[in-house]
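Have a look at the structure below, then the notes.
Chain nomenclature is as follows: A, B, C and D, assigned in order of appearance, with residue numbering initiated at 1 for each chain independently.
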Amino acid sequence: MVEPMTYTAAVSGATGYAGGEVLRLLCGHPDIEIATVAAHSSAGQKLGALQPHLHALADRDVVESTAQNLTGHDVVFLALPHGQSAALAEQLPAGTVVIDAGADHRLESAEAWGAFYGSDHAGTWPYGLPELLVDPNGRKQRENLPGATRIAVPGCYPTGSLLALAPALAAGLVSPQDIVIVSASGTSGAGKALKPHLLGAETMGGMSPYGVGGGHRHTPEIEQGLGWAAGEGVRISFTPTLAPMPRGILTTATAALRPGTTEEAVREAYRAAYDGEPFVHLLPEGQWPTTKSVQASNHVALQLAVDPHAGRLVVSAAIDNLTKGTAGAAVQSLNLALGLPETSGLAAQGVAP
Amino acid sequence: MVEPMTYTAAVSGATGYAGGEVLRLLCGHPDIEIATVAAHSSAGQKLGALQPHLHALADRDVVESTAQNLTGHDVVFLALPHGQSAALAEQLPAGTVVIDAGADHRLESAEAWGAFYGSDHAGTWPYGLPELLVDPNGRKQRENLPGATRIAVPGCYPTGSLLALAPALAAGLVSPQDIVIVSASGTSGAGKALKPHLLGAETMGGMSPYGVGGGHRHTPEIEQGLGWAAGEGVRISFTPTLAPMPRGILTTATAALRPGTTEEAVREAYRAAYDGEPFVHLLPEGQWPTTKSVQASNHVALQLAVDPHAGRLVVSAAIDNLTKGTAGAAVQSLNLALGLPETSGLAAQGVAP
Amino acid sequence: MVEPMTYTAAVSGATGYAGGEVLRLLCGHPDIEIATVAAHSSAGQKLGALQPHLHALADRDVVESTAQNLTGHDVVFLALPHGQSAALAEQLPAGTVVIDAGADHRLESAEAWGAFYGSDHAGTWPYGLPELLVDPNGRKQRENLPGATRIAVPGCYPTGSLLALAPALAAGLVSPQDIVIVSASGTSGAGKALKPHLLGAETMGGMSPYGVGGGHRHTPEIEQGLGWAAGEGVRISFTPTLAPMPRGILTTATAALRPGTTEEAVREAYRAAYDGEPFVHLLPEGQWPTTKSVQASNHVALQLAVDPHAGRLVVSAAIDNLTKGTAGAAVQSLNLALGLPETSGLAAQGVAP
Amino acid sequence: MVEPMTYTAAVSGATGYAGGEVLRLLCGHPDIEIATVAAHSSAGQKLGALQPHLHALADRDVVESTAQNLTGHDVVFLALPHGQSAALAEQLPAGTVVIDAGADHRLESAEAWGAFYGSDHAGTWPYGLPELLVDPNGRKQRENLPGATRIAVPGCYPTGSLLALAPALAAGLVSPQDIVIVSASGTSGAGKALKPHLLGAETMGGMSPYGVGGGHRHTPEIEQGLGWAAGEGVRISFTPTLAPMPRGILTTATAALRPGTTEEAVREAYRAAYDGEPFVHLLPEGQWPTTKSVQASNHVALQLAVDPHAGRLVVSAAIDNLTKGTAGAAVQSLNLALGLPETSGLAAQGVAP
C-alpha cells in the first residue's frame, strides 16, 4: 500500500510555457504540494500576473530561481533554457528528485552534444519516456525510472517521433537507414521568446519550416532513442515546421519497409508494444490522429499505414508538446521515480474542440 | 460527513460539443460514474470515433437517446437542441436529477419563450448559475439548487453577461435601462451544425456579428437574470459576434452609471458579490481577462472600469462557453443538488497557452 | 484627361506592417514608382528578408530613414510610431506630398493630444477619410483633399467607427451623448512590437480587451470625427479588443435612437451617405459584414439594425485595419491629392476565404 | 504588339472556393470580362450573398451551370467536383478555351484514373503548370500551352510537389525511387463541403493527416509530373495533412541523393530551372518559405538543403492552394493559351501578415 504522503515541489522557470504546464498538472496531483515557484526576470511578481490561467496559484510570489530557493523540496522541476539547468542541478541535494525539462541531460554522446549545442556536455540522466522500447527485446524505458533522483525529460519532437517508430525498428520491420520524419508543432514549442516570427500576426494563418537539413537539435536525440530500440545506429531526415496553433505536434514518420513486411505484421508489433499502455493509443483502423484529440493531455494517438507502392511504413503520431511532450512526461516520470501510480495527476482527457 | 457514494449518470447528446464537454468533466469527477452515452444519428458507433479526445471512453457504445435508455440512472444530462429536452425529460422518473443544458426550461415568461422560440413553453426549472445575485439584497441562486431534481443550465452568453453586470445592478449603481453588451464567442458555441459559415475556412481569420438588433434568443434570458438582480425590469442591447477560436466568450458589458458613482464603490460591490467564490475572480486592478486564462475550466475572469467621461461602467468577462458556459455549470449545479462539494470534478485550472 | 505621369515615392517604416501594406498597394499602382524603402533598425538589409511577401521588391536595399534619404520624391509615406513622423515631416520640402500613417497630425485639439499622447501637439493635417460626413449637411472630407501636400491617415479603429455612425449623427437620428462602440481587431493592429501578449501562442485561440474605460488613444479621434458629422460634441464609450486573427476590425457601434426613429429612416440616411461610394457598402438587408469579405482590400462592409426594444441603433462595420484602416486610406487620399482617379491601385477585391 | 481586345469569360462553380478565386483574379485582369457566373444549387441568387468579398460582382445573378449558359464565351472556367467537368466540356464549342480546375483531364493513364477515381477516364488535356520541367533536357510545360483550347489545371498538392522536386530529378541528382513528400494544406483545399471535420471548431488549433499510405488522389498526378522531369518512372510516398489555416500549402519534399551530389550542384540545378521565372522564387540561402509570403498570390517560394548525414535533399515549397494551386495557374495558363502576357492579372504580391 502506498503511504499517504505529500511531496513538496519547486518549479524553476515557472513563468514560461513548460513551467506553466508543470504547475497546471501539479495543481491536480493528489500527492504533490507546490511549495515554491521560481523564475528569473519576473521574480517579485505575483504568478497570477504571468500565468493567469493558474487561478489556484494567482497569489503566489515568484521568487528568484537560485539553488538556495530551490533547496529543501522533495522534487525540483527545472524548466529552463538549455545550458542553465546543469549548473543549477549541481547545487541541489543528491536526494532531491530533479526533473530537467530542458535539453542538458538528454544526450549520451558528448560529441553530439557539442556538435548541436556547442558547449560542454553536462552528462546523461535517465530518459523520461517510460513507453519507449529501449532494446529489440521489448524492454521499456519505464524500468529505468523507479528510484531515479535525476531525470531528463525528452524533447517534444523526439517524444512523438520515438513512439511512432520504435516498435517497427525494434521488430526489424523497417530500415534504420532510410527514415524521414516531418513534424508540425504549435508555436508554444518555441517558448515565450520575443522573436518577430513568433508574433501572432506572423504565425496565424501560415506555416514554415525551420532547422531543415539535419540542423535541428532534436535530430541526435531522436536517433539516440531509435537506436536503442533498433539495437543499431539509426539515421534520420528530420524536418520540423511551425504550425498556426498554440499547442500540439503532429508527426509524420516514414521508413523504408523490409521486403515482405505486411501491414498486419507492423500492426501486431505496435499492439505488442502499446497494448495496456495508459497513454499511448494505437487508434482503430481507419481513424487518424488529430492533435486536438490529445490537447492538454498526456495521451498519444497513433495510426499507421503500409504503402506497398512506395515501399514505406507511414506512422502518424499526435501529442501535446507541452503535456506529453514536456510537463506530462515530467510528472509521469516523477510518479515512477517516487513509486506513485504512473497516472497520478495525469488522468485528464484531451480538450476538444 | 458526505457518504462515499457513486452516482450513475447518462448523457444524452453525447456526440455534440456540449455533451462531449459534460463527459470530459465527468471523467474526472470522483463521485459520478458514466453509465450510458446516448445520441441520435450516431447511435451504434463507438464513442471514440466521434469524441476521440475522450480516450477513457473510446470503447463505449453510443446508444439511442430514448427515455428507456436514459431511465435507471441517478443523473441524466440532456445536451440537446432546444425543443427536444422537454419531451424527453417528461418521461424520466421524478427522482432522477435531470440537468438540461438546452434552452427549454430557462425562461420564466411563456410570452418571451414564444416570441423567441416559437413553440409552447415547457415550464421553468431552477437556474444553474450558483453565483448569480438574484435579488438586491445579496441572495444568490446557489440557495435554490440543493435538492433540486430538475435544473436548467444557463445559456453561454447569459453566463458571462449576468456575472458581469448583476453586482452593479443589485447595488443600484447603474441604470437598468441603458445597458449595452457585445460578446465574442468561439465557434463551438454554434454546435456541430453543418452550416457553410461555420466551416474552418470561413471562420479562421475573420469575425462577424449575428442576431443583431435584439434578435438573439439569449436576450430575454439575460434580461430575466439581470432583472432578478436589479429587482426591476431590465432592457439590454445585446450583440453576439463569432470569433475565430474554438472556445471561449469575451463579454464587454457596459451600463450607464448612476450619477456620483465612483469606481471604488463599484469595485466594492463586485468584491462583496464574488469574494470567496471558487470560480468567479475579479482580477487585480490593471489586469484584464483573456479567454485563454479560463479555457477548458469552470473559472470566470472579470475586470471593470468606470469611465467618467462617457458616464459608463465597462465590465469585461471571460468564460469558456463549453465549460462554465455549459458543462461546468451543469456539473457545479449537480454538485449542489446532490450535496457534494460544489467544486467536485471542477478543480482544473485553465489551459494556456 | 489625366496626363500619363509617374510619381516617385519613398516609404519610411517600410519594414513594419503598415509600411509593408503601403508597399504592397503601391506595387499595383499604375502611377506610382517606389523609389526608396527606408527603415531604422533594419537599414542595410534586403527588403526580401523582412517583407518576403513583396516578391517584386525582394532585392531592394532598405536605407536609413533620414530626411535626406526621403527628400527628392514626389510622395513620402511615413509609417512610424507616433511622435516620430512630425520631426521627420518638418524637414521635407513643402511641395512634397507627405502622408502620415501615424497619429501625430490627426487631432485638432492640442489638449486632447496632450492628454492621450503626453507630448507636444505637432499640428493638424487634412484627415484622410474621404467618405466621412464632416457636417450635418452632407459635405464629405473628400472635398478637403485635392491639392493637399500633408495628409493624416486616420487610425484604424476610427475608420470603422466613423463610417459606422456618422450618417446617423449627421441626420440627427441618434443621441451624440449615448454611444457605445466595441471593436475587435486583428493583432497586426498592434504592430510588430515584441511584446509577450502578442506572441502567437498567446493570441491564437483567445480574446482580450485593452484600453478599457476611455483610455485608448483612438477615443478622442473618434469623438472628433463624429463631432464633425453631428455638428456638436460627441461622447463615446469605446472598448477595443484583440481578436485571434492577423487582420481586420469588426466594429459594433450602438447609439440611443431619437424617439420615433424608424429603421427605414436610418437606412435612408446611410444610403444617402454612401450610395455611389466605391469602397463603402451598405449590404443588402439581412446580410451582415464579415472581416474576411474585406480582407486585404480597401472596402468597408456595413449593416445596421434598429432595436426598438432597447431603443438603440446597432451598426456593424468590417474593415481591414491595414488596408482601408491604414495603407488603403493613405493611397486613396494620395490619389485625391494628386488628382488621380480615387480608386487607382485600390481595385482589388477582398481575399476570402 | 498585343491588340487591345477583351475576352468574355464564364465561370462555372462560381460559388465555391476555387471559382471564387478565379473570379477574384479575373476582376483584376485587364483583358478578360466576366460575362457569366454559374453554379448549381445556388443559381438564382445574387453572387454577393455567396461570395461577399467580390464587391465588384455583388449584384451579379448566379445562373444555372448548363452548357447552354456557358456557351458563347471566349473562355469557360470549370471549377467543379471531379467527374462533372468532362460531361460539361464535351458540350462546349471546340474553339472556346476551356480551363478545367478539376481533376478530370489531368492524368494520362486511364489505369491510374480508374484506380484512384473509379470512373471512366475522360482523356488528357495540356497540363497547366508552365514552369514544370517536362524532360531531362530543360523543356518546360510552358511550350505546350500557346493556342491550347483545353487546359487541365494541376491539383494543388502536385503544384508544390512538382516544382519542388522536378529540377533535382531532371538533373539526375536524386533517386526517383526514394521520395517522401509531406504537405500541410489550409482547409479551403477541401472545398466548401459540409463535413464535420471541416468545421471551424474542429480545424482551428489542430492538425491531422488524411489519405495516408498512398491513398490520396494527387499521388499519381505527382508521380506523372515528376516522371516527365526524370525521364523515367517515379515512386513517391505522399502524406497530406490538414493545417489550421484557410489557405496555403507548405510542402516538405525529400529525396535520396545520388552519391557525391553537393548542395551547390543542387542549387545550380534549381537556379537553372527557375531563374527568370516570374512566379517561382528560390529564396536567398538561409531564408525559408512561409505560406503567408505567397498568400493570395501566384508566387511560389522555394528553399532547399542537402543533408549529407541523412543522404537526402530536402526542398520546402510554399504556395497558395487557391491561387498558384488553382485559380492563378488557370489564369496563367489562359494567358499563355491566348498569347497574352503570362503575368496579366497576376501581378499581385502576397498578402501578409
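The rule we apply is simple: contacts are C-beta pairs under 8 Å (C-beta built on N, C-alpha and C of every residue); 3 or more make two chains touch, one makes a residue touch a chain.
Treat the numbers as computed from the prediction; the structure is a model and nothing was measured.
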Counterpart interface for A-B, drawn from A-C, C-D or A-D and sharing over half of its contact pairs: C-D
Contact-richer chain pair (by C-beta pairs counted) among B-C and B-D: B-C
CA centroid of chain B to CA centroid of chain D, Å: 45
Centroid distance [mean C-alpha coordinates] between chain C and chain B, Å: 38
Residues within chain D bordering two or more other chains: 17, 188, 199, 201-202, 204-205, 244-247, 290, 292-293, 295, 352-353
Chain C residues touching chain B - in the complex, by the definition given at the top: 178, 180, 182, 184, 199, 201-202, 204-210, 212-215, 235-239, 241, 243-248, 250, 252, 254, 256, 288-293, 295, 303, 305-312, 314, 316, 318, 352-353
Contacting residues of chain B [partner chain A, same complex]: 17, 20, 24, 27-28, 46, 48-49, 51-56, 58, 188, 204-205, 246-247, 281, 283-284, 287, 290, 292-297, 299, 301, 347-353
For the chain A and chain C complex, residues of the former touching the latter: 17, 186-188, 190, 192, 194-196, 198-205, 244-247
